[in-house]
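Dropping a structure here in structure tokens format, bear with me for questions.
Every chain is named by a letter (A, B, C and D) in the order it is written, and numbering of its residues begins at 1.
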């Protein structure tokens, strides 16, 4: 079960579709195997980058079942954000029955004032019982700013809030502030960094326990976490910066998922880079730019591997 | 089946819950009977004021089944707006199988530029096939302004778009402009006015065919439509203006549903004025203010009835 | 000087332009005379409905000078909201030098979290010194919800915050809550109701001290305040409800100012109903609808006048 | 005068303040000299990153006068976006009298529908006459998406629109689309890329003529433009990618200006990194992270310089 000591990389999984937009359950096995081989510590499904709102309830259940079955010992966290608490609770119950480790909840946009955000999470806890959950702090997506003082109040009143999925941007000082709250007595949270990992090494240095994002080279995320944990900061930045051109390209809002799926397809993790409608594929020019960056990345990281081997 | 000649009052039905937030299916019969007795021409369920996002998929189906069974010959329109097309299509198919007359679709917020709105409705049509639908134009809810030129393009490319649920505000000149498009060759739409009917007599004079809103005295909406159709404009305004204090009170954004349910409960149409969480009940002060307006309304309309009877 | 005992009607003045969009300073005298004759207790200029953002700095000063000169003993409050504190402070200093009674400040949209709103007003006080100000609480305009707890914190830390211009909607329970805070120890605020006065009699009963809005029949606002203060609630509602059709029409967001200026022009208070660009005039249909309502209003209120005179 | 053949780097200048928030006119000379030495082709002032809304009208004029005097032959473009056309026109007239090369205009948020955006720019042209202007396309700042078809209509009806400041994000395909419009007959625009230059080499390859952004190492922007123009794509990316960690850090929305001013202060271009209130300085941790990146940047670019020198 998800708890406050979770760390490392919880990869945000894409959802595979075929070219007609049908959910690709066989392809799901291949994708999960790909993720597992990169050394990730967990898998998060049905997030925004998992095209969750485009799945019907039954599809969401079928996909979750398949992922959990294939993931083996890897914990699976499921995004259950929904416009209403009934749907949120129904999906939570279903995925926990299937063996999920916990759920992830982003508050809906439109909550008015700090207190309304706290109340929202209290209502969620009332609806999902003792299921551990990650609070997704993602203002770029829902327009909702969550002050640190609100996080404190949620932690104080919702014992099952065990993780902060941190995607506020800018957000480095927020990590520092949350950790300061803990030193002042707040219960500990696991903090996993999202937002494409665009600032990952710094986020880890500020106190994040790892990453929960979906960059298409998960092995880089894993290795950066390992290097930072080992105190090898310079090497962590060297590796991260070699990937930064592509990370930066994947972080483009709205367009990033098409990029990510294209790279995963190029790497053999997906049979198709299709998104379900509405959701564009990369343009011809974009594909060429990604190819260009992947080649440069291969060259940049290859010598390192050679040197390390020699 | 819903078509472009629909007119009169399609009442926006509330969804009855008991005090613990459980869907009240028995109470649904009572509510539908109440609506039917007021003389409405149709019933619209699972709109925003029907707390649709708070229902799970199965609940939505169960409620729709019950309403259609009870409504008899009255056509039932079902709101199917959803974050994704898969859910929208699944709900559409289910409710049409149950005997719905058509569906209502509001575009999601966040569509970028005029063309994206047109494309969205084309995608919907691709997803729901030949089911007739009402385009819900409700910027106060989703932040999406739909220019008249966009309505024209949707009508031109989506033959199953047969109705405009008009709730843009201000919107009187928009009705005039849509009707002018028709005179210039655009296919006819049924236009039913929403937004609590706050400008109903004027909307009818501008060319609306009726109302699709949920004011708790549906008989007033019915009678105003009848009087306007009969050319008795002064009487229509007299009747409407007698109700305007309460209409205005019910129109308060966010708070209006609590007011509406309270009035329906006071009138015996609901066993409880509870909303499902999150959703407040009226405060003690608010209840007293509504009581005050209901009494004044009784007095204002009673003499009319007496005079009419004598 | 504006203080916490301000009450009655502070009319939100329009800004007169001629048909080419030139500021009409001579017309300003006529307008202020019109307002003064209706019995208002004060005048508020350069609000949103005063087209303040369309005026250059020098025009704003010239208009303020003219209004204050003509208003005589009537206190003049000036809207000074601006994108930056330097402009806000410069305008405040200038208008106070001209003899304004105080200023009105709406926070900019985009403030993140409750604390940022409090800090914003503290920064304002730092910038404008000991000038008394009205906090404009107008979420429909700037998207910023201000919880009652934030109002409490502003009042506690900004001694020059003497008035709440209340336009949150729904907002009746908010007035009740603010007054409850005062009973629990918070310093008193004057509360004047805005939002076109759409709920004025109820707002007064909840604890508002008057109105700060710009309805084109200010004498109604004055008389409703007087009747409510005298405990003649039924008469207050009778009078208000006679005007409600037009108040409701004027409240249409975005379109309301054109309506208001048209009525003021029809009543002889303005030489032209023009707004400065961008800002439409009423359509032919809209003008006819307003004429219709003004005639009905005359009939509805005339007998009352006759009876009062006899 | 600004025209459609503008290319290279128009650096977005910060505005220097001292630690108490006073405009630093002497420091302005030092800053402009710094920019000029980096080889930029022009200077843009009073943009969002120039803290324009925080300046009073007189300060804006004084700063513009000083910059133009010091910039010598370098063209100076001035941001004149304002809530109203009167202020926009007054500032435009003033800065053109001082010798500005043209102005930059971002439309206000809240315009409804594609046609309203076109009309807004037509109104601007009516207000500023024949002054050449750059259309700032910056949805992250004002929430306003501008479709390519709208750009076409603005170009067709506003002959003085000579430049697109491109900051839509994602936006690479938009550059491609605008250039395709030109091949199909649209009048040519200069396109300068903004958004911190986060994708600069790709933007240039897609058809941008240069950059209009404020990265604190302008010499990199200049050199990347030069290398791309010379067809030396690999070298351009090598140089850009060496800076990307810092570019990425500076791009953080809301926090970026504090970062940029800190780097400029570290490089001796500013006497203080202070922003005028409200606007935070970098935290201690942030400063240390920037120092770390600047050291890494020095090491990464130093050998290149040595090799180039040898």
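Keep in mind that, in the parts below, contacts are C-beta pairs under 8 Å (C-beta built on N, C-alpha and C of every residue); 3 or more make two chains touch, one makes a residue touch a chain.
Note that the structure is predicted; figures quoted are calculated from it, not measured.
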Count of contact steps on the shortest path from subunit A to subunit C: 1
C-D or B-D - the one linked by more C-beta pairs in contact: C-D
Interface numbering overlap (same over half, different under half) for subunit B and subunit C: same
Interface copy of A-C among A-D, A-B or B-D, judged by whether over half of the contact pairs recur: B-D
Between subunit C and subunit B, distance of the C-alpha-averaged centres to the nearest whole Å: 33
Centre distance in Å when subunit B and subunit D are each reduced to the mean of their C-alpha atoms: 48
Between subunit D and subunit C, distance of the C-alpha-averaged centres to the nearest whole Å: 39
Residues of subunit D engaged with two or more neighbouring chains: none
Graph class of chain-chain contacts, one of line, ring, star, complete, other: complete
Subunit D - residues contacting subunit A, complex: 169-170, 172-173, 176, 198-199, 202, 206, 237, 241, 244-245, 248-249, 252-255, 283, 285-286, 289, 296
Interface residues, subunit B side, partner subunit D - complex: 112-115, 145-147, 149-150
Interfacial residue positions of subunit C with respect to subunit D in the complex: 51, 53-57, 59, 82-87, 90, 119-120, 123, 126, 276-278
